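Next come two complexes built around chain A: one with chain B, the other with chain C.
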Partner chain A sequence: MLNAIIPLLLDSLASAALIFFAAVGLTLVFSVLRVLNVAHGSLYSIGGYVAASICLFIASRQLNPYLSFAALLFSAVCVAAIFGPLIERGLVRWTYGKSEAVQILITFGLFLILEDLQRVIFGVQSFYEDAPMRLLGTTSIGGVVYLNYQILLVGMAFLVVIGLRLLINHTRLGRLITAVVTDREMAQSIGIDTNRIFILALSLGVFLAALGGALATPTSGIAPGLGADTMVLAFAVAAIGGLGQIEGAALASLIVGLARVLAIYLAPSLDAVAPYAAMLVVLLIRPYGLFGSVAARRI
Partner chain B sequence: MRTIIAAAAILVLALLPVAAPWLQFVLTLAIAKGFAALGVAVLLRAGLISIGHAMFFAASAYGVAFLARAGINDLALLLILSVLAGALVGVVAGSFLVRYRAIFFAMLNLAVSMVFYALCAKLYGVTGGTDGMPVPVPAVFGVVLGEPAFKNVLFYLSLGLMVLVGLAVQRYLNSPLGHALSAVHTNEIRLEYLGIPVWAVLLIAYVVSAALAGLGGALAGFAIGRVVPDFAFWTASGHLVLIAVLGGIGGVPGAFIGALFLELLHSGAVTVTDSWNLIVGMTLIIVIMFMPQGIYGLFTRKEAASL
Partner chain C sequence: MTFKGVSIVVARWLSSLELPFRLDRGLPQANLRLVVDGLAGALALGVVVASPVAAQEKPSSLGLGIFTFTSGPAAAYGMPGKNAADLMIDEINAAGGIGGVPVSATYVDEAQGAQGVIAEYRRLAGDAKNQVMVAALSSANCLALAPLAEQLEVPTVGWNCDTHQLLIDGKSKYVFRPNGNTVPEFIAYAIYLLDRKPDVKTIAIINPDYAFGHDAAKIFIAALKALKPDVEIVAELYPKLGSPNYQTEISRLATARPDVVFSNLWGADLENFVRQAAPRGVFTSSQVILALGETVLQRVPLPDGVIVGVLGDGWWMSPDAKAKPETVKFADAYKARFGEYPVFPSIKMANALIYVKAAYNTAMQKNGGKWPTRAELADAMKGSKVGTLTGTAQTRADNDGLVDQIVGVTAKTPGQQFPVIGDMVRYKGDSLMPQAGQDPLAWIATLKPEFAKGLPKPGSYK
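What follows is the complex of A and B.
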């Protein structure tokens, strides 16, 4: 019995970690900018493509393979530095105060553009480079051989939760963000540069998405269509957790990860149904998500 | 004057496939998607954005495939039954979805449609999985036609339905029930004070919009000859909202103008480039930014409804 439960739990954790990276950025951006970024999944896959390209380059030049870990981080930083300010200044800024329909459609337009740009730049073949995963080797837990890389993923997800908590509660920037989230007009009127906060928040969201994509490539590779799949999964997780809730997103990732792995173990044909079914059940009972609330919204 | 323009436009549409036969499939599909976008536009009037209406589109198309498998082989019967099936799914989903507003309405529609999509894709034994199901050529009032003849009938049937159903929907939108939708958008609480049950207004609109999406799905199923789970994927729902907004949500013609514009843009773009989504995405952003009333808004002097 234990032999079945341990791998199940570890699988769920690793699966939850990857979903969490995709969802937490979405939820963060929503809580600060109040815009649901439909193109978020594309930024996840762009992070993956860039990381895979750099890793493949490292492998082809026979550079030190440990550089590929730095490459994963580096690609996420690059994607965030380029796309964060570009999207906020060029597109999303224009939709503030407009209806949800406009915001969703504008970012849907961006999603269409980014999906095709990837096809043009990276082609339609799938990218796969597992050097980071091979380097870390395996561990045997309870008689089951387990990939260390997946443990690293879970650790990284924990780091992100703690890091975001620290950022929001214990830094000046965090206080500014909280002020903007709580009352945008008041924050503006006491002289907080909300435009700068929005750019930073969106860039952070893009960074988390791209990091998720980069970290996912060594395990599963990357192919066209990943952006659309990730988007809807991140959406489900963010909604279950309560839009704008970081801990909510973490818990929701665990629920979705567990639901998915359980489905794979019990009814393999239904694995794709599990996350959406979980979202449906939670939203029907608590339409504002597990941690969400109707009136007050915190970050 | 507007009646004359509309009649002329429909006449041109009717004659186009005679001049350019390859357009017939494109136009049939455009009208089919126009119906579904019209469904989305009905809800947009109430400020409700559904990223899930492709589900009803797919449900009716699957409905046709299942009914045909069960031995029903009459075009009219298949259409009526499958639209009823779409509407029935709309009653079930709508009865709990109309309680929600804004982003939660959008998300729940997405959740429901993705459960539907995943089931269609995964239940291989029932739906054929990602291979989909064939939609055979049906008999038209007892007459068995060859495929080209049937496609002719289908195109003119779609065109006829576009006029008839379009007029009916126009009547609905101009009725007190239709005007109540805009009132939900602007001030829902005032509507409640007046003693109008908002949930009933919205449920009727939801079922109407599901039936319209279903009609579009059934026609598309016949035109393509196959239904696949991708009919219900969330990006398909996104495209339906896109068409509705592109055309302009103010009136019935908007949805069809948007669908025609997008399908023609598609068939034009694919001849030059594979990246037609790039073009569509840019067009969408430009239209929303600079023409909030959509393409139809260009032709109407009166202030049309916008987002």
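What follows is the complex of A and C.
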């Protein structure tokens, strides 16, 4: 078992990175808009489909393969630019102030529509595009061959945590978001355009989801059903970390990643239930999650 | 015409009831007669149409209920089956249909889950036009539908469900499986492996976390333990069906350092695993066995020397298949229409439809050319021996099929851009099957190393 410790830790980090991308957008949107977006998982898979399609286009035209890295980012931007304003203006804005049940039902309806839309546009077959993974090569650590792309993913997850912190604490937009989160009515009364903040926040959430899907594509296939799986896992992470807590999402991703990896190494039959077992343990001790509290509205 | 006459007599008799029950209600006598005749006629015709006897009149079309995965990750395996059904039905219809009756299919997506599949089965079975069900891909769905097939008395051909549990009680009258059984399928890999790598010591398993994955592992391990008791299983991983990411499992396999990695992952899962495992060196550090590996040969660059198989004999490039003009024609037509050659689920579906067609021909021969009832059709399937695109499907007394098993390793050939199967062996269907009614795992436990010595060797099938 000792010789497995380094691979175990590395796998936990790599697994946590993918889970974090899926969860952080969900928690950010909840923090600002107070809406639990059930369609979040679909936006993750749409990001993956779009990224794979662009990368496949690059490969089919025999363009510079390194363009596929830019394609991953570009696809997330495109998905956010289209779906962010569309969803906020067209759907979510009608749910503000309504009960959580209504919000969940409406975003669940959106989830079903988006899932069918993906099926119509991308078909039911799996999509693969692994050019970025192949370009970066491999490294042997602790006797196990790792993809350098996996290490890149861990770095990207750290960058997103730091980037979000900087955005919220050190930019004007961040201060506006914080003002809206703290007291929406007061923010409106001092002239902050809350509608604009909501569109931006939702678009940022969509961007993070789509970026997660896009970054996952080179090491994972995309097929119908990915959205549902992602959504469930993102909810578990958000619940463990505390809804609306970015650092909470990061820590919860690590916990869930570690739980999954430990299960695969030590008790493979528990692999599927490990994230939810971790959630159960945390919620029994802290019902509002690790960083959550009853009344707090921090981000 | 006989039934039309019966309908008119029944209708007339029913309409005569108007007098004793005073049904005039002020209507003019002629109108009343018309109304009652109409109602009674409709009722009588309805009864006649709904009864199995009516099926002996040649219908205008023969409906097939075909169950497969057309969505979700399993569609990567299910759609080649559907494509083959489309192509095969077009070919049957172009040749005049079955007994002169054109065939039409209603497809049911198995991704909706067992309850939905059962409801669809009931709905289709309720329509007398649908004489046969080709159901299903998933073993779980086959197990769920089997009692229904017996209850509703609808001939049901399992086109892909391999679980040895399906026909284990030997009592089935309406469920048939002409395409393969997990017992011979996974014993075949153990025998082939030990022939090719007799010094194997450690094995890791990565199979999908549902009945097929666990059953396959159980049979493969039981066969290994019987034939080479000192083999050690160093890891057994069962990732969730439809997992997009296997990186942690791959690390686990790397730390276990097994001589052999065995997997019966399939569909998109298999493709994912191969794409993720290849760059991380799994295929160079261990001998990998991909039981359903033929399905990805055209899609992912598998290295040479990977043990792959087709769960049965359904490889379109086997010597037997290549020797049959109709198989070559089918493969070429498939490639022209769908852009790649048929994978073994396609062949299994095509063979299932050939099996159904043969049963119709036999049933009509037996009853003097009349269109058979569902019961007569099922009777024709019993004990049948049908030449398929890739071999022969022999139906045993327990309705299970005996088909040969082909196993080989990936190899390059100048004729194709993708790897093909080389160093092949073809095990006879009955050589790896327990007798009907025998407990399969108990039978496997009785196998001795001598058992494998009497079987053909890798490379013998050319």
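We take it that the second predicted complex is superposed on the first by the 297 of 299 C-alpha atoms of A that agree within 3 Å, B and C clash if a C-alpha of one lies under 4 Å from a C-alpha of the other, contacts with A are read in each partner's own complex, and residues count from 1 in each chain.
Criterion: contacts are C-beta pairs under 8 Å (C-beta built on N, C-alpha and C of every residue); 3 or more make two chains touch, one makes a residue touch a chain.
Values in this document were obtained by computation on a predicted structure and should not be read as measured data.
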Review point. For A:K98, is the partner it touches chain B (first), chain C (second), both, or none of the two (neither)?
Key: first
Review point. Of the partners chain B and chain C, which touch A:L243 in the superposed model: first, second, both, neither?
Key: first
Review point. Is A:S269 in contact with chain B, with chain C, with both, or with neither (first, second, both, neither)?
Key: both
Point to revise | Contacts of A:F57 with chain B and chain C, given as first, second, both or neither | key: neither
Check your understanding: Now for A:F235: first (chain B), second (chain C), both, or neither, which partner does it touch?
Key -> first
Review point. Looking at the overlay, what does A:F69 touch: chain B (first), chain C (second), both, or neither?
Key: neither
Exercise for review: Could you look at A:M279 and tell me whether it touches chain B, chain C, both or neither (first, second, both, neither)?
Suggested key: first
Review point. Now for A:L117: first (chain B), second (chain C), both, or neither, which partner does it touch?
Key: first
Revision key, fill the gap. After superposition on chain A, the chain A residues reached by both chain B and chain C are 119, 269, 271-272
Revision key, fill the gap. Residue positions on chain B within touch of chain A in the complex are 44, 47, 49, 51, 96, 99-100, 102-104, 106-108, 110-112, 114-115, 118-119, 121-124, 233-235, 238, 241-242, 245, 274-278, 280-282, 284-285, 288-289, 307
Review point. Can you list the residues on chain A that touch chain B in the complex?
Key: 36, 38, 91, 94, 98-102, 104-106, 108-113, 115-117, 119-120, 228, 231-232, 235-236, 239, 243, 269-273, 276-277, 279-280, 283-284, 287-288
Practice item. Would you pull the chain A residues touching chain C in the complex into a rising list? Key: 3-4, 7-8, 10-11, 14-15, 18, 119, 124-126, 128, 130, 133-134, 138, 143-147, 150, 216, 219-226, 229, 260-261, 264-265, 268-269, 271-272
Check your understanding: Quick one: in the complex, what on chain C touches chain A?
Key -> 70-73, 75-76, 79, 209, 235-240, 242, 244-245, 247-249, 251-252, 254-255, 267-268, 271-272, 275-276, 279-281
